[in-house]
Structure formats: structure tokens, C-alpha cells
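First chain written, first letter: the chains are A, B, C and D, and each begins at residue 1.
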């Protein structure tokens, strides 16, 4: 495996950037993303010239229950709160130095998801950010050509969101035991 | 009414109308079979004598395939796109077939039942046969463009445009290479050209004749839209080109027209360079002439199939460049060389001189071709690659 | 200086060699001639075989003994429903990626092959129009009841009913399995036999241990009795109770 | 439409010809569409349109267990199911502590390199088919591919949708004699490659059709995240097998062919693939020599239930970098499952490469990118 990239210097240079210990990622505020990205790409200690993977994650408001044994040997339930948010994840590598990955995330709210497009920094984001816009509904400011890419233009909603409910006119492939088949037999679904 | 003349004409033309379409049917089978074998497949092998259930033992290597295809084509729905020009859409396939059929008459085919008095209608002894041939085959271009335009399809239109550009350009090297033979023989009459080559005196054995034959054959490939010059119907780029929107019998007509044109132009090549009906045993058995002629045509068709199984297609600009920058200068040079060689040979009777002339002409032609090729494709050559650890 | 058009001639030499070679060298052929059935008969419609004939034809409709396509239910020797291995545990139904298995558990239990009475599948349908032949059902089945078939002539004119394989269509004997996948079936049978043997050995060992324990207990009791008798003490002997921990299967957390 | 002006004359009305190439066009390799604007035959503008095969594989995977997604990864790039499996297994194996047995690692390499042979040989066939060669090279390629698919069938039961890899090993061991059969196929392959090279590599028409067509500069290739043979054709020496040394690739001696120039064209992409096949054969020979008997499944539990974590696993798939990004939330289902498909991202530069070329070139440029729509649309 190629070696991991030290991240401390990023935190020093950009105080706004946080380091997520749990997952080992840089959390970059959406306002600073382009600046950080350009620095990561051009700085000699990083030279992250290759942005491999760009994707979104949709976190709903969730509670995690974790059972932990305390000192007395009893099990306690600790409730973690996971706030609702959306993230855009960038996996960065350096082709020149053959290092990587450094994972960078832009965080944004679920209500008004907005992130900075890094397409001007790395062209490889172009289609992937379009895909995120299409499937997650995150708006990329500064994207040259932000359109739907996988779904058709008239499509309503963003299917990769965790709370997406598919409409009833969805094209089902009826299976002999499906509820759809029952409805089909009752004459409610037109194939 | 000169019933005798009509009878003679029928005796001369009906065989043409029987032989070539049936050869077409056979060629489609041969082509499919040969291409399959080139590609290491088996090819059609099930359709045999009809009405034996499931082919059985009468599959006859799939010889029934052309008949089955023909029946299929006849019964397929005739689809004309909305907004297409229905009249021209219908006319185009017919118009592509007619000139191809027409020029068959000028091939010097000597059928055994045509002799003596009847020989006068032998292949319509037209004095300007070669000229007439090129004039008539030129009509084919019109049909192709008509089809491309009338289909109201962008791919068809592109195909039609390509066809026009290609056919018009390749007409020139085609004619110029034929001119060499006309010049040497001193006649445009196909029968006289054939006679001039009697007894192994084929022009393809002359250096200029060889060059002219190669140029003629390449140009003929382009004229008949055969690979590697099948741009008007390039399936990987413009679907099927000008006959994208054709189906059923109209498509079959195009198909037929194309193959008949192939036979016609191969027949002309055989007439001009390969000694027409000449071959071993024709003195003793004159009817062998027809057999030899058709055999030679079949060999040329075979080479066309072989090329089709091997080569990818050129690009439009390269295709045009090849015609104008390579074939045209070469064929003009060839005319001069033919003239010089002929005069040199005529002035000096002797094997030594003729051998020298023969070799020198060949070397000049090859060097010229090589030079032209070098100029045209200076940057194109195989490359080497480096390896990283 | 290379020959003019040398690359093209080289290519043409290759195709010529292939053309000729295809007649003599069978290795070269990409396709093979499709063999007619020995009796020269084509099925009229694949769904139209009578049942016996379908069973008979199944030999010829399998491709190679490596291939797999759709699942089938195994039964041991005897009447299919008496010896079916499936106990309708529904693990495969839950794990099936395209959700093409539909199982209804029986109301009553049935004894099979000397094992204790278990449920059996009242309905077991696989919709092969949805099935993607991934073999996950085979992997997750703890009873070796479901394996992959390799029959390929499955075309049918009935889209909904015809591609739905019912329980009785799916039931295939272990012999049939041996016929279509000899290597795999042998390995599986060996594993089952090994497991069974191991289980038996374990059981035997457990029994022996029990016996031993009982003996020891008896001995101890006898000794104790003797002791008691000897010392007239009022202490009953205690046999060690076997600790039985039931490792609960981890919940899937769904 | 960057910097383009039509020639306009009085009394002559000219306009661009807009052609929608696809979604059913013979050489768009599936349901891919290029909205092309043409001036004559020159491509002035090109917009790739896709999504016709979109089935939201990622969403489906998030609704089922980790293992159940494995057969679906086969369907991404349906030519190379083995490498897809490996990429997914690699990502999932980062989520849990697991040791992969030696034999499984060897078999993974063997399967992956066989897959590379399958892909490259048929890609070259398709590419020459796009050039208009009536399928002769393609059918030769398919004959060889068939032999390898037979091996896949013997090992996994299926020819294309192998579904062979598992977290921590492989589903089952290869049958008896399989390694010998593989060795036979591998030993015969160079002979076929010789013939193939003789047929294609010096052909003047192929040379003049492909050289100087679809130029992709080194800088743009890196910046646009191009990976795989296409990147190496642009002169970048970057192969994930070498960089990451995943699996046991550090044990094998092999070379990575890449272009000498700073600009790659269709010919480079075609040749790099031809040369890569030779290297794959070297790896295969070494792997077949090195493999020993042993278990094929690691100590993975029956239920795959990783703790909360993120993992990104990537392999050098035949088409480029295939990555799987998994976010586990402690349940048996992935919270986020993402595929980084190489052919999707390699399409980014399609427009840049095609503008100014001819229609016929656009087709072969697309062919040289090597896309599979199952992967592009997911």
C-alpha cells in the first residue's frame, strides 16, 4: 500500500480545517474548499495532482446506541448523536510522488446543500460532481456544466438521499409474488 | 420486324441476366462462407434443400442460404420514413441496379451459342465500349446520393455525401489506368482489347500493366464501396450510410446492384488486364472462354472478399488524399512509362532490351509509389514504448 | 525501408492462414457446429415436454458440469417430498440479492431421513426471470438443501407463470446433482459425511463422557456410600452438573 | 462550442449538422449517446449523454447485506467481473481484521490477470472493429477469450458473472487440474498474440487511422483523473499494481509499458494494451509456478458486520482504477457504498479529444477509451 500522507501541515496553514479522528479525514468548510484544494495540489510537500474519487454521503439525524462496559463490569448504553448533514468526499492521490490517499470532505447542511466545485482544480471532478448533484442534490458553486447526468432531466428528487421515497409510477418488474403483481391482477397497475 | 435480330439479342442478353444474378446469389453465400472461415467461424451451414425437415442431411453446406435470404427480403416490410421523399426513395435502388446491369452487355463474353452471324451481337460490339462503361457506371453515384438524400436521415445524408466525393474522385484514377490499355491497343472496343491479349499476352504481365491493374483494382474497390473503401456504408460510423433507411426488397435491390457492379467492374478489369477469356485450352475449345472469363472474375471477387476480411476502413480525408495524392500522380506517371516502354520495345527487337525496359519500368514505378507514400504519410510509423518498473 | 503496403500483406497472410487453417485445425475454430439431438428432434416449445421426457432430456440440456444457472432443491433417495432437505428456514429468502425466492413454511412438522421432525416448505418458488444465478442461496444454506442446476432450455411463452419454478419443479434428486456436477457433488457429499461423522463422533464422545461421568458418579456414589457406610457420614455425593452454554446466534441487527 | 465560427456567405445559408449518435448506434459500445455538432464531417462540439442503463446500483447495495452486493459488482463491468469482485473485497477487507490465505491471494492474482487478458484482447478487437474491420480481429480475440472464460466457468460456475471472491478469500477452490489447464492456455497465448500483432500492429491503414487522433496530453490526463492503459498511453508511469502493491503483486516481476511521448493518441492506447497483455502473461506464469495447496478462505465470520469505519479500496482493473468506497455504520448493511468506475471518469475527456476530429475519429476515440456501459451508468 502506498503510504499515508501527513496532514498536520494542512491544519497549521488553514486553521478552519478540522481533522476527523474517527475516519481520518480532513473536514474543509465549504467556503475554503477551492483554496485548500489548490494548495494541496500545488504545494511541494503534497502534490496531490490526482483526485480519484468524489462522492457524496447523506447523513440523516441518527442516534447510535453503543453498549460499553464500565469499570464495574456493568454494561451501559451510550447514545451517540449523529447530526444530519451532507458530505462531499474527495480521495486525493499524488501520481508524482505515488502517495495517497488523503481524504478531504466538504460538509454542508441537508436543508440547503451547497458546496464548492473543485472541477477547476481537478477535471476529474467534473462528471462525478454532476453525479452528486444528480443523485444527492448538492449544489456545486462554480461547476461549469451542472446538469443531471444519470437520471433524466425531468426527474424529480434525488434518489441517493436516505429519505428518498420512490414514486408509485416507478417501472416495476413484476414478480409473481410481489405486491405489484397482486395489484396488476386487480388491474391497478398499467405496465 | 427483324425477328432474327431480336432473337439474337435475347440469346445474348438473357444469359447475362441469368448468369450474373445467380452468380450474385452464389457470391453472397461464398462471401459469408469465406469471411466466416477467415474469421475461423463455420458460416451458414444449415439451410439446404428446402422442405426437408430441420435441414437433415440435405443441408449442403448452407447452399440454400441465398434462397432463404431472398425469400426473407421479399417478405419483409417496406418501411419508408415519415417525411422521406417517397418517389426518390423508391427510384434510388432501381437506379442503382440499372446501370450495373446495363454495362454487363459490354463485357466480351463469348457464349458458345453465339457464333458466325450471331456473333455480331456478341456483347454489343460497341466501339466506345470502355467509355460507355465509365459513363454508365457514373450514374450509380446519382442513385446513391438520391438514396442518401431521399431517406431524410442524417446518417444517410452523410453516407450520400461521402459516396459522391469518393466515387467522383476515384473515377479519375480508374479511367487513367484504363487509358493505358486503350492507348496500347488503340481501340475502345472491349472485344478488340480482348483479342489483343490473346495467347498469354496479358497486360498484367507488363510493368505498366501491373501498375495500372493495381491502381484499377484499388479504384474499383472504391467505386463499388468495398472494404477498405466502404465509407458510404461505414457501419461503425454512420450505421449503414445511404441505405440506413432501406428495408426489404429495396434493400435487396441495392445489395444486388452493388454486387452486379462488382461483377461488372471485375469483368472490365479482366478484359483490360487479365486477358479476358484467354487461358489454357481456348484454342481447342472456344467455349472455355466464358468459363475462364467468369473464373477470373470470381478470383477478383475472392480477393475483394479476402481484403474485406482483413482490412479496416480508411477515413474520409485519407481516402480522398489517397486518390488525389497517390493514385492520380502514379497513374499519370504510368501513362508516360507505358508510352516509353512501348516505343522502346517497338524500336529494339531483342530480349535483353525488353528485359531491361521491363525491370527499369517496374523499378521506376515502385520508387515513385514509395516516394509518394513517404511524402503522404511521413509521420506515420510504428512506435516503441518504454517500460516502468 | 519497408515494403510498400507490407503491413497489409502481412495481415492478409495472417487471414489467409486462418482461412486455410480453419479447415484443418480444429483448434482455430471459434464456433463449433451445433449438434442436433441424436434422435434428430427439436423440441417444439421448451415448456411443452411431458414431465418424464423432461427428466430424460435433462441430461442433454445441461451444458457442462461446471456451469450453473438456477437453483434447485435437493432431496435424498426416495419420494421427493419425504426426503427433501429443506426445512424452510428462510435464510436463503432473506439473503437472496434480487429477492427471487418465496417460501411459505409448513404448519406441521415432518420427519425426514431419521432426523427429528422439522418444518418443510409448503411453498418454495423461485422466479427465474429475476434470479441472477449468483449462488448466494447455496452458500448460506445450512442444510445443503439448495444447489445450482445447469439446465439451459428454459424458454417459455408464459412470462409470469412459466418462469416461476414451483417447488415440485425445483425438487431434484441427489443422483441428478451427481450427474450434472460430479466433482462438486462428491465434494459436498464428502463434507456432509464428514460433518455427520464429526457430529456422530462428538455425540459418541459426549455419550461416552456422559457414561463415564455416570460411571464416575456411580463409582463416587458407591465410594461415598461405602464411605458413608464406613464413616456413617450424612453427606450426599454431588455429581458435577454439565455446564451447557447456548451460544446464541448473533442477531443480524436488521 | 469553443471558438468556432461558421463560414457565412451572402445567399448561402449554412448551419451545423446536429447528429445524435446513439443510444443505439453500432459502435457506441452499449446505450451511450454522443450529441455531436458537425461542420461537414468535422466534430465541432460533442456532449456525452448517458444514464440509459442506470439502475442505481449504489442505492441497491445500501439496502442489502455486504455479501449480497458481491454478485451485483459482477454486473458493473461485465467483461471483468473478477477484478470488480476483487476491488469490492479489498475495500470490505479493510473494514475488518482479516487474513487472506496464501492460495487465495495467488488465485486472486491469476483470476485478475486472466481478466486483464480477456478485456484487453477483446477491447483491441472491438477497437479494430470500430475502425471498420468487419470483426475479424474481434473473432480471433473472442476465440481466445472463450478459452479463458471456460477456465472461469470451471472455477466459479459462470463464464462472465463469476461472483467468485469473498471477503477473506474465495468462494471455492478451483477444481482438480484447473491450474494445468490454465498453464496450457497461458502458454499458448503468446503465440496467438504474435499472430494478432502481425495482423494489426503494422497495418498501414490502422497506423494512419490511429496516429495523431484523439490526442490527450499528460497534464490533462493526470488532472482529469484518467487511469489505466489510457493514462499510461499519455506517458505517465502509474500502475496501481505497482503503487499500492495490493494483494501479493509485490512478489511478481513485471513491467509497466507506457508511452514515450507527452501526448497519447489512439495508437498509443491500442499498443499499450497489446504490450500489457505480454506482461500479464509473465505475471500469470510466475503465479502459476508459485501457487501451493492450502485453504482458500480466511477466518472471516459467517456474518459480515464491521464496526463504524470508512474504507476505500482500489485495484488496477483492466480499464483503470476501480475503487470501492464503503462507509460502515456498525450494521450488516453498508451505510454508503460507492463505486469509482474507471470508464465513467475516463469519459471526462471525451469532448476534449474529439473536437476538431472527424466523425469516424470520434468513434474510434470512444473505442480507445474502453467503456462498458454497465459501469458508466451503474
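Of note:
The rule is simple: a residue touches a chain if its C-beta (ideal position, glycine included) is under 8 Å from a C-beta of that chain, and two chains touch if they have at least 3 such contacts.
Since we're looking at a predicted model, the values are computed, not measured.
Set side by side, A-D and B-D show the greater C-beta contact count at B-D.
Nearest to the common centre of all protein CA atoms is the CA centroid of chain D. Per-chain CA centroids place chain A at a distance of 24 Å from chain D. Per-chain CA centroids place chain B at a distance of 42 Å from chain D. A straight line joining the Cα centres of chain A and chain B is 62 Å long.
Counting partner chains per residue, chain D shows two or more touched chains at residues 136, 139-140, 143, 199, 201-207, 330. Shared contact sites, meaning residues of chain A that touch two or more other chains, are absent. In chain B, 38-41, 309-311 are the positions where the chain touches two or more neighbouring chains simultaneously.
Partner chain B is touched in their complex by these residues of chain D: 17, 19, 25-27, 41, 128-136, 139-140, 143, 199, 201-209, 211-212, 237, 239, 242, 255-260, 267-268, 271-272, 275, 358-361, 363. Within the complex formed with chain C, the chain B residues making contact are 34, 37-42, 45, 54, 56, 306-307, 309-311, 366, 369-370, 373. The residues of chain B lying in touch with chain D in their complex are 35, 38-41, 154-155, 158, 162, 227-228, 230, 234-239, 308-318, 377, 379-389. Within the complex formed with chain D, the chain A residues making contact are 1-2, 22-25, 49-53, 55, 57-58, 64, 89, 91, 95, 98, 101, 103, 122-128, 135, 148-152, 159-160.
Residue ranges of chain C in contact with chain D, taken from their complex: 5-8, 10-11, 13-15, 18, 28-30, 64, 66-68, 95-97, 132-136, 139, 148, 183, 250, 252-254.
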